[in-house]
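Below are two complexes that have chain A in common, paired first with chain B and then with chain C.
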Partner chain A sequence: MKILVVSLLRVGDVLMSAGVLRDLRAKHPEAQIDLLVNSQCASVAPLLASINNVIEFDRHGLQRGLGEASAPFFESYEKLSGLLDRIEGENYDLAINLTQNRLSGWLMGLIEARERRGLVMDNDGRGVFGSNWFRYMNQQIDLESSEVFHYNDIFRYALGLESVHSQQPALQETERGRAEADTCLAQAGDRKIVCVQALSSDIKKDWGLDRFAKMIAAFSARHPDVAIAILAAPFEKEKLRPLVSALSEQGVPAFMAVTSFEGAYSLLKNSELLISLDTSLKHLAAAAGTKILEICVGSSDPYRTGADAHGAVIIRSKESCAPCVHSSPCHRDHHACAKRIPSEAVASIASEVFENRKFQLKTVAEAFENEIEVLRVDRKSLGFWIAPNVTEMLSEAAVGRWLDLVCRKIWLQGSRTALETIGTEMMRLTAFFRATYPTAADYEWKHLLEDFERRGMEVEGRINGFKAGIRYLHGNYEDANKMKEFVRNLMTFREKMRASPLFASFRRSLDAVIEDDISPAFTRFRHITETVGEIETRTKIHLRILRAIGNQMDDAMSAEPL
Partner chain B sequence: MNEMSGVTRELARNGQPIVKIDGRSIVSSFDPMKEAKAWAESAVKEIADRDTVIVLGAGCGYHLIALHELRPSLNILTIEASDEIATFAREQLASNNEVDPRVYGEILVAARPIELTENLLLRDFMANRYAVVTHAGLAQMRAEWTQEMAKFLTGRDYLSFLLQLRMRPELHALFDEEKIAQLQMQSGPISILTIRSLFSAQAQSSRERRLWRVLEELIV
Partner chain C sequence: MTENQKDLLHFLKLAAAQVRHRMKTMDHKDQVTIRYLQLLEDLIKEQGHTYEDSRYSASAAR
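The block that comes next holds the complex of A and B.
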């Protein structure tokens, strides 16, 4: 079997999906698995043990050929054509697109493979996905952060890898990497090492070197026996030199570790903790099994691309504008979200993570709760990546969000799987609720679940009404007034949904049909029918899960207090 | 053919032969080879991974020698506007490598792009992945010729676009002939937007059209 994986984003995205590639390899041990990446990502190829061949997509070269007046006009065309000939020559059985942009979609449309998953643009420019999960991924760009699944989970579910539990590391060490790491380790002597990645690829995601200096000094005061390795790519060296000098002047045992990705991976394997901004280094640390503290600033969105490592801790600014839109400059006159994260808070949290003190982490988070939010990655409880706030208390919003995520997952997996897994999901959720809200009283749970169930039944009733409306509209969808009236009713329904944390995500599905006043009447009618069908199915799943949890908790309550 | 007047031969300070046009030297009058080596080093960066290069301007031939020394496997074709300069450059190349001056490539003489449209050697070169580089001294002294020729050689004017299409019949067949003819009226250079407008209605689902859509995503 031959598999081509297309990943045309940045180095961090390629490294993030290394675990997915490992699981793909575990599922297809004999397959030839090739990876198509942007040329600038080819430097991480030696780390990717699961990949047979890395094929380079020379994005910059193609852009240069098209844009520069001195370049032969047809050069990019010939170059791309040659690349596609090479890919076609491989006769891939399966092509997987882990990228959700139009460029990759058009490219996938040109790749001949027996099966294609992920975004493929058809001749008319419409996206075809080959999986509910990839369709969801394409739509979820508009969703609130808390309503989304981590990209790695989307890939795993879309590729049927959720039951693959490979014990192999996602990345492999290289000779070059070990040699680079050895040079760094020699500087640390016998001390334990904490690595710090203080610069990111986007100035908006930077926290500020002065804040890093204060944080590291405070951390070091608590852990004088720890060496601090300031990670630097060769081009970052000069920018980071003042930070290392300032730390050395304060007596902090800090040194600069200038490495390639291979060297950084080997160094991280020998380190206790990585304190990093939203950079590709956190994905290296996740693969290396090193503890991670991620500082989310600017457009960093941990819910989609956070460190995929159980126990990783994420600090987010509570500034109202964060997270902001990716790839547009900060609109404030000062970097408010970065400024709001106190150095002392990061140092304290880093210290707790370093010492594995989970409960003290909550205490520190509570002390700084006006400025920051502290999330802890949990990969085990629900079977997928979640990052609950460590100070989270039982509330309608919190419980509704977890329930909705699980129900959405069941729905995306498809109805047959849903029936089979509902029991497992219910038990996982119950255990998760017990662990996350240990002080919640029985009556609180009973009240909350009954309230959710009552609202679910209300939604069910409304949906039955809409179904009757659709039957009527079936012969009248070209009557603009009747269509308007139906959509007005949907709008009223959407407003009611907005108020309920459990069903709030339904409004996203409704947005698309309510705001679509361009499509022809039949297309709009078809979309309405599909959306009402989706909400009906999802409501049924919600109600089944709620009732199952209610019963499970009733049983538990009769045995022991919840 | 020879547009140049006042071409004179002299010696540089280091004794190497050079030419002057209307009293102005087209290369360094101190050390032309040193200058040529510096030019070749920057040209090689522009050429990157290509095996074929078209050089605009024969100069005194020193830059062609330097280019060959840096990348001996490079296929070089030079285009020059002046017969006299081309002859001078050929003499320098022959005296530098008496055994086989062909390693420095051919020098074609053309005052205007149209003189090159039927040249088979040029077509062979243009059928490969090639780069166009310009001799620095000439780019300043004959800016108009250089720009016009570069536009032609890169396929960004109407004439050379037609030439390029002749070498790509599979693509040509997908274009609307009427729209191609209308390009004569277009004042700006050929761009990816031009290509988008040329595909016929029947060609919208072709492999080539979809391939250009990928390229459009990189630019538009």
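The block that comes next holds the complex of A and C.
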């Protein structure tokens, strides 16, 4: 079998999906798995053990050829054609697109493979996804960030890798990397090492070197026996020199570790903790099994691309404009989200993570709760990546969010799988709720679950009404007034959904049909029918899970002595 | 975008429109040509853009 994986993003995205590639390899041990990446990502190829060949997509070269007057007219076309001929020659059985941009979609449209998954553009420029999960990935761009699945989970589910539990490391060490790391380790002597990545690829995601200096000094005062390695790519060296000098003047045992990605990976394997901004280094640390503290500033979105490592801790600013969009610069006159994260808070949290003090993390987070939010990555409890707030209390919003994520997963997996896994999901959720909200009393759970169930039954009733409406509309969808009336009822229903955290995500599906006044009448009618059908199925899943958890908790209550 | 790129983009759009015009009799070769032209168009448009700028959204496209 021959598989081509297309990942035309940045280095961080390629490294983030290394675990997915490892699982793909475990599922297809005999397959030839090739990876198509932008040329600037080829430097990480030696680390990717699961990949047979890395094929480079020279995006900048192609763009240069299309822009420069001196370049022959057909240069880029011929380059592209040559690349596609090479890919064509491989006769891939499966092509997978992990990218969600149009360019990758067109490219996938040109790749002949027996099966294609992920975005493929057809001749009219419409996306075809080949999987519920890839379609969901495309739709969730507009969703509130805490309501979404991590990209790695989307890839795993879309490729049927959820039951693959490979014990192999996602990345492999290289001799070059080990040699670079040895030079750094010699500087640390016998001390334990904490690595710091203080610069990111985007100025908006930077926290500020002054704040890093204060934080490292405060951390070092608590842990004088720890050596601080300031990680630097060769081009970052000059920018970071003042930080290292300032720390050395204060007597902090800090040194600069200038390495390639291979060197950084080997160094991280020998380190206790990485304190990093939203950079590719956090994905290296996740693969290396090093503890991680991530500082999310600017456009960093931890819920989609956070460190994929159980136990990783993420600090987010509570500034209202964060996270902002990637493409535009910060609109504030000062970098407010970065300013709001106190150095002392980061140093205290880093200290707790370094010492593995899980329960004290909550105390520290509570002390700074006006400025920051502290999330802890949990990869085990629900079977997918979640990052609960460590200070989170039992609330309708919190419980509704977890329930909705699990129900959405069951729905996206398809109805047959739903029936098979509902018991497992219920057991997982019950255990997770008990562990996350240990002080919640049984009567609080009972009240909350009964309230959710009552609302679910209300939704079920409304859906039955809509189904009758659809039967009537079936012969009258060309009648603009009747369609308008039906849509008005959907709008009222959407407003009701908005108030309930458990059903809040339904409104996204409703938005699409309510706001669609461009499609022809029949297409709109078809979309409405599909959406009502989707809400009906999802409500049934919600109710089944709620009743199952309610029964499970009742059993536990009756078993416990008063 | 440079003047050259603007001209080329215009040319590619015209070429794509010509192929589309033959839509009724479009064979596999024409379909491949359309995708090539669109890919080249996007390469020009995405010059200097980040990945997020050019992210495809089916809901926005509709």
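Here is the rule we use: the second predicted complex is superposed on the first by the 560 of 562 C-alpha atoms of A that agree within 3 Å, B and C clash if a C-alpha of one lies under 4 Å from a C-alpha of the other, contacts with A are read in each partner's own complex, and residues count from 1 in each chain.
In this text, a contact is a pair of C-beta atoms (placed from the backbone, for glycine too) under 8 Å apart; a residue touches a chain by one contact, two chains touch by 3 or more.
Remember, predicted model here, so these are calculated numbers, not experimental data.
After superposition onto chain A, partners chain B and chain C are found to clash with each other.
Contacts of A:Leu66 after superposition: both chain B and chain C are touched. Shared-chain residue A:Trp106: touches chain B and chain C both. Of the two partner chains placed by superposition, only chain C is touched by A:Asn138; chain B is not. In the superposed model, A:Asn123 makes contact with both chain B and chain C. Of the two partner chains placed by the overlay, neither chain B nor chain C lies in contact with A:Leu394. Counting the residues of chain A that each partner touches, chain B and chain C differ, and the larger count belongs to C. Shared-chain residue A:Ala336: touches no atom of chain B or chain C. Within the superposed three-chain model, A:His326 lies in touch with chain C and out of touch with chain B [touch as defined at top].
Within the superposed three-chain model, A:Glu75 lies in touch with chain B and out of touch with chain C [touch as defined at top]. Of the residues of chain A, those at positions 59, 62-63, 66-67, 69, 76-77, 80-81, 101-103, 106-107, 109-110, 121, 123 touch chain B in one of the two structures and chain C in the other.
Per the touch definition, chain A reaches chain B in the complex via residues 59, 61-63, 66-67, 69-81, 84, 101-103, 106-107, 109-110, 121, 123. By the touch criterion stated above, chain C contacts chain A in their complex at residues 1-2, 4-5, 8, 26, 31-32, 34-36, 38-40, 42-44, 46-47, 49-59, 61-62. Only residues 9-10, 59, 62-63, 66-69, 76-77, 80-81, 99-103, 105-107, 109-110, 119, 121, 123, 125-127, 135, 138-139, 141-142, 325-327, 512, 516, 518-519 of chain A touch chain C when the two sit together in their complex. Residue ranges of chain B in contact with chain A, taken from their complex: 46, 48, 126, 129-132, 150-151, 153-156, 161, 164, 168, 171, 189-190, 192, 204-205, 207, 210-215, 217-219.
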